[in-house]
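Each structure below is given as structure tokens.
Heads up, the next two complexes both have subunit A, just with different partners, subunit B and then subunit C.
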Partner chain A sequence: MAPIIELRNVTKYFGSGRDQVTAVDSISLDIEPGEIVCLVGESGCGKSTTGRMVVGLLPPSEGQILYQGQDISAMDKADYQQYRRAVQIIHQDPYASLNPTQTVRQMIAAPLLRHQAQRSSGSANGSGRRERRRDVERRAAELLEIVDLTPVAEFLDKYPHQLSGGQRQRVSVARALTVEPKFIVADEAVSMVDVSIRVSLLNMLSRLKDEFDVTFLFITHDLALAKYFAWEGRITVMYLGRIVEEGPTPRLITDSRHPYTQALLGAVPEADPELAKKKVHLELRSAEIPSLLNLPTGCTFHPRCPYIVEGECDTAVPLLEHISDGGSVACPVRKSEPSLIV
Partner chain B sequence: MTAQGWEGEQTDSLLTSAWKGFRTFVRLLSYNRVGFIGFLVVIFMILLSYAGPLIIELDTKTKIDKIYITPTIEHPLGTDHQGRDIWSQIVNGGKDVIYVAFLAAMISTVIAVVFGTLSGFIGGWVDSAIMSVTDIILTIPQFPLLAVLAAFISLNSLTLLGILMGLLNWPTLLRALRAQALSLKQRDFIEAARALDLGVWHIVLREMVPNMMPYIVVSFALGMTFAVYQQAGLVFLGLVPISAGNWSVMIQLAWVRGAIFYKDSVWYIMAPIVAIAILQLAIISMTRSLELVFNPRLRASE
Partner chain C sequence: MSQATDLSWHQNIDENGSQPPLSLQDVHVSYRTRKGSVQAVRGVTLDLKAGESLALIGESGSGKTTLGLGIVRLLVETAEVSPGKIIYRRDGRELDVLSLADGPLREFRWRDCAMVFQSALNAFNPVLKVWDQVWDTAKAHRWNNREEVRERFLDLLRFVQLDPARVIDSYAHELSGGMRQRTLIAISLLLDPQILILDEPTTALDILTQRTIIDLLRRLKEDLHFTMLFISHDLAIAAELADRVATMYAGQVVELGPVEDIFYRPRHPYSLGLIRAVPTVTGGFEELSSIPGSPPDLINLPAGCKFHPRCPYASERCSNEEPQLERVGDNHFAACWHTDAVEEDIERNGLRVRRST
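Right after this comes the complex of A and B.
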């Protein structure tokens, strides 16, 4: 099957001249319909920038982003509008992603109304305004039920400040669903929500995947979340704008190859003290993340990597190479060494 | 159950929802006492100027025996240089002042809101074009321009005066609103609206403007006060030959007729000045409350 979203050597610079920063450095990624792909990395690694480029909110500086095989920067108006609606984003901060001056009803009705007007503009029998309005209202109620905001009547007239973080995030999801998207970028969608309700939010999102055939790009800094949400999908690990390792979730979690992935896995806290004791922590040579303004030469991870091979890691940029166990790794030194961390 | 929630909403007649809205409006205004008093005084001034003339007729009869008399029951504010009642002139003279100020503030606010927000939101060449025009208008000294214009066009129509003032007063507000739009543009909910393809006009008018509403309303009120002084100034200098009596014309007439030279004529010159001052003070106090009206946190707490 053709990938629904395809990134080809996508690069994004910010600023210019001496202050130029490469937030995303020539990454390529294919996402098949129905797949769940997690983009994992620490803050500042370019994962959110990637997400925003996929949604079309930021144009890439170089490279192409393809939606269903078509370059989004070269689409005609009709195709672009289709793409525009098919790819939605759920933001990280539920306090900033909802307009404080609108009620839930208004937020959900607006895209429905606009959408409906455009859909029915072709048909001659323009159903009455009142009827259209009722349609929209019924649909809004359905959407709120899908995201588990019930009883619906209680939520429709609420303003964002009257809702909890989790409820707001559900409203965001319902709003994204108004346009029947095929692809959703969830940018740290649960990281600002209370820990106790993260799981129910995640479960709601995976239900959407099954019921509405939504493909997810799940962006997170938390490998534990990625592991939970994308066990059947893939994880892509980014470090300072580059992809360092990717592969099917089970392989990446149990048998990671890139030292950075191993370090991330070692840093995931375990609730069980027995497990925590058994965990192997990879000792990094430095805890400092290099500045994007002054990136290390060669492999950007070499100043921190315990497996550094002088003369090789600090000169040549490692390429992503396929490995036989699934996925690919950008580390020629460790790519065939089985992981110590289980 | 859910469907009932929707339809129940619709059974509210327009009148009931308007009444509800008005009650919420008054409740929010009353949160700030100074602002609420300002609001009441503004209402009083509007009633006085628009309903008052129906009851109190403008006194136009010259009475030589009653020139510059001090207040009596018959003439609560005394009489002018021709023995005409000042109170009746005050009652009849507010309408024009308020009308011109409202018109001017309305036009300049609409221009500033629409183009300021568009400029900030769209950016690029649209932004450059709008900002160049703004900067040009901003550098023109308005008062002298109006004075010069008055010499070429006969500004005998109040509406024309209001429109002219409105067309000149928007640049400062536009710049402020553009700055706000620039910061709002970065917010997640605007990004979400863009991703939902809601269209530029929806984003500007429904997502951005409501979030700037407190600022816009306050600016509108201040724009009105500015326009009041501007027209009073123009009339006082005699640049706008408006024949009908209004507060500005009264001040000018009093000045020209040498009211400042007579002890008893203080009522004549002070009456319109105080009327204008009260109106201005009331509008400015009211702004304290106006911003509360658009705070969704307060609005929702029924």
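Right after this comes the complex of A and C.
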């Protein structure tokens, strides 16, 4: 199958001159229809920048982004509009992304009406106004049901401040669904809601994948969440703007190869006292994350990496290479060594 | 990473003394608001034992921060602590914290019971360099020997594994999140308090930074035997650091016990619900389940058990009568009418449902 989204050597610079940073550095990524791909890594590694480029909110500085095989920067207007509808983003903070003066009904009806107008433009005068309104109302109710905001009647007339964080996030998902997206970028979409509610949000998102064939780019800094949500998908690990390791989730979690991935997995605090005690941590040589303004040469992880080979790691930028156990690793030194972590 | 220094001046307290350094007795805290009284903490009774680390876990809004701020009396003016009693003990003397006058209260906050706040950046004065802030604090406590204070603080910075030269003349905003958190912990130790309260010590930090903070706190616990109260919504902090855990729901402690009991033999449906909702990284794939519904409105609390609208085991009794903490094992207490049903559920279905990899 052709990838639904493809990134080819995508780079993003911010700022200029001396202040220029490379937030995303030549990353390539194929996402097949129906797949779940998780993007993980620490704050500032370029996850959101990547997500924003994928949905067209930010143009890449270099490289191409393809939607269904077509370069989005070379699309004609109609194709571009279709792409922008098909690829939606859900943000971390539902409070900031919902209009506080609109009810749930208004927030969902407006894009539905627009979507309907777009689809029926061209076709004959169409149905009467009242009928269209009724359609929209019915569809809004359906969408709220899909995101588990039931009984629907109770939620339609609420304002964002009358909803809990988890409910607000469900409204953002329902709103994204109004345009029947094929691809959703979920950027820390459940990070701000309480643990007791997180799982049902994740399960709801999984259902969209199963029932509506939505493909996901799931961005999170939480490896345990990535493992849960993308167990049947893949995880991509970023460090300072580059992809350092990528692979099917079970392999990446149980047999990671890149020292940075191992450091992350080993460091995650575990909600289980025995596991927490038994867990092996990878000791780093330095706790400090280098600044994007002053990146280390070669492998940018080398100042912290316990496996550094002086003279090699600090000179050549390692390439992402395929490994036989699935996925690829940007570390020539450790790519074939089984993980000591986990 | 650099070798840590030991804090030679730290006074270990007598861990075998019979009296706990901190006792909360039926503590209630409410906030006055236009819509009514928010009952943020309702009847918490708890001892903090010498040398132990106790984790207070629960979801957003369950009253954790309110309780912490109540202990050091830093609540906003609209908050009222009543009824309730907070007793602090050191070297045979006993203080009634709620009736302390301003002077002794300031002393209590630094020398006896220091708190590291939820938001590390807000805890700093933005226009003061770290050292100036430390020196101001020392002077406010009549410690006027500049050299001595500086020596002590340098020791502390090394203990928290920071480069003193880099930190001491910086402004807070010039430090990374992890450095700020470590600096705050160092400052809180300046006057060698007996008790340390840490509110969300790792929240909002990156994973590798979280690990360094957890390791640092573990050294405070294991090497220096600090008495610590951790406040966190993150179960993992409790699993990593606590000797005992208290689960809070809607302002109440609903379960209290040794960390192994809470994680492997929970008896309150809410504790079990939390455990089943949180994935681990190591170990196989586990099925997770969420707790239906959301926490109650603290102005109009439901009758009976406050968890009953969300509880899978709720019976008629639960919606009418409120359960109190009762013993369910050695040092293990739960406030639930149906702890047997929880036990049976775990026996039948396992604690977590694991799929092999």
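The rule we apply is simple: the second predicted complex is superposed on the first by the 341 of 342 C-alpha atoms of A that agree within 3 Å, B and C clash if a C-alpha of one lies under 4 Å from a C-alpha of the other, contacts with A are read in each partner's own complex, and residues count from 1 in each chain.
The working rule: a contact is a pair of C-beta atoms (placed from the backbone, for glycine too) under 8 Å apart; a residue touches a chain by one contact, two chains touch by 3 or more.
Please read these numbers as outputs of a predicted model, since none were measured by experiment.
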| item | value |
| --- | --- |
| Three-chain arrangement built on subunit A, subunit B and subunit C clash or fit | fit |
| Which of subunit B and subunit C A:Ala141 touches, first, second, both or neither | first |
| Which of subunit B and subunit C A:Ser336 touches, first, second, both or neither | neither |
| Partner chain(s) touched by A:Arg114 [first = subunit B, second = subunit C, both, neither] | first |
| Partner chain in contact with A:Tyr159 - subunit B first, subunit C second, else both or neither | first |
| Partner chain(s) touched by A:Thr297 [first = subunit B, second = subunit C, both, neither] | neither |
| First (subunit B), second (subunit C), both or neither touched by A:Asn9 | neither |
| Touched partner set for A:Leu225, first subunit B, second subunit C, both or neither | second |
| Closest Cα approach, subunit C to subunit B, once both complexes are overlaid on chain A (Å) | 11 |
| Intersection of the subunit A residues that touch subunit B with those that touch subunit C | none |
| Partner subunit C, residues of subunit A touching it in the complex | 42-43, 164-167, 194-200, 202-203, 221, 223-225, 227-228, 231, 250, 253-254, 263-273, 275-276, 279, 281, 283-289, 342 |
| Contacting residues of subunit A [partner subunit B, same complex] | 52, 55-57, 81, 84-85, 87-89, 91-93, 96-102, 110-111, 114, 134, 137-138, 141, 144-145, 151-153, 156, 158-159, 161-162, 172, 175-176, 178-179 |
| Of all residues in subunit C, those that touch subunit A in their complex | 1, 59-60, 161, 176, 178, 202, 206-212, 214, 233-240, 259-260, 263-264, 273-275, 277-283, 285-286, 288-292, 294, 357 |
| Parts of subunit B lying in touch with subunit A, wherever the complex brings them together | 1-7, 187-189, 191-199, 202, 206-207, 210-211, 213, 294, 296-297, 299-300 |
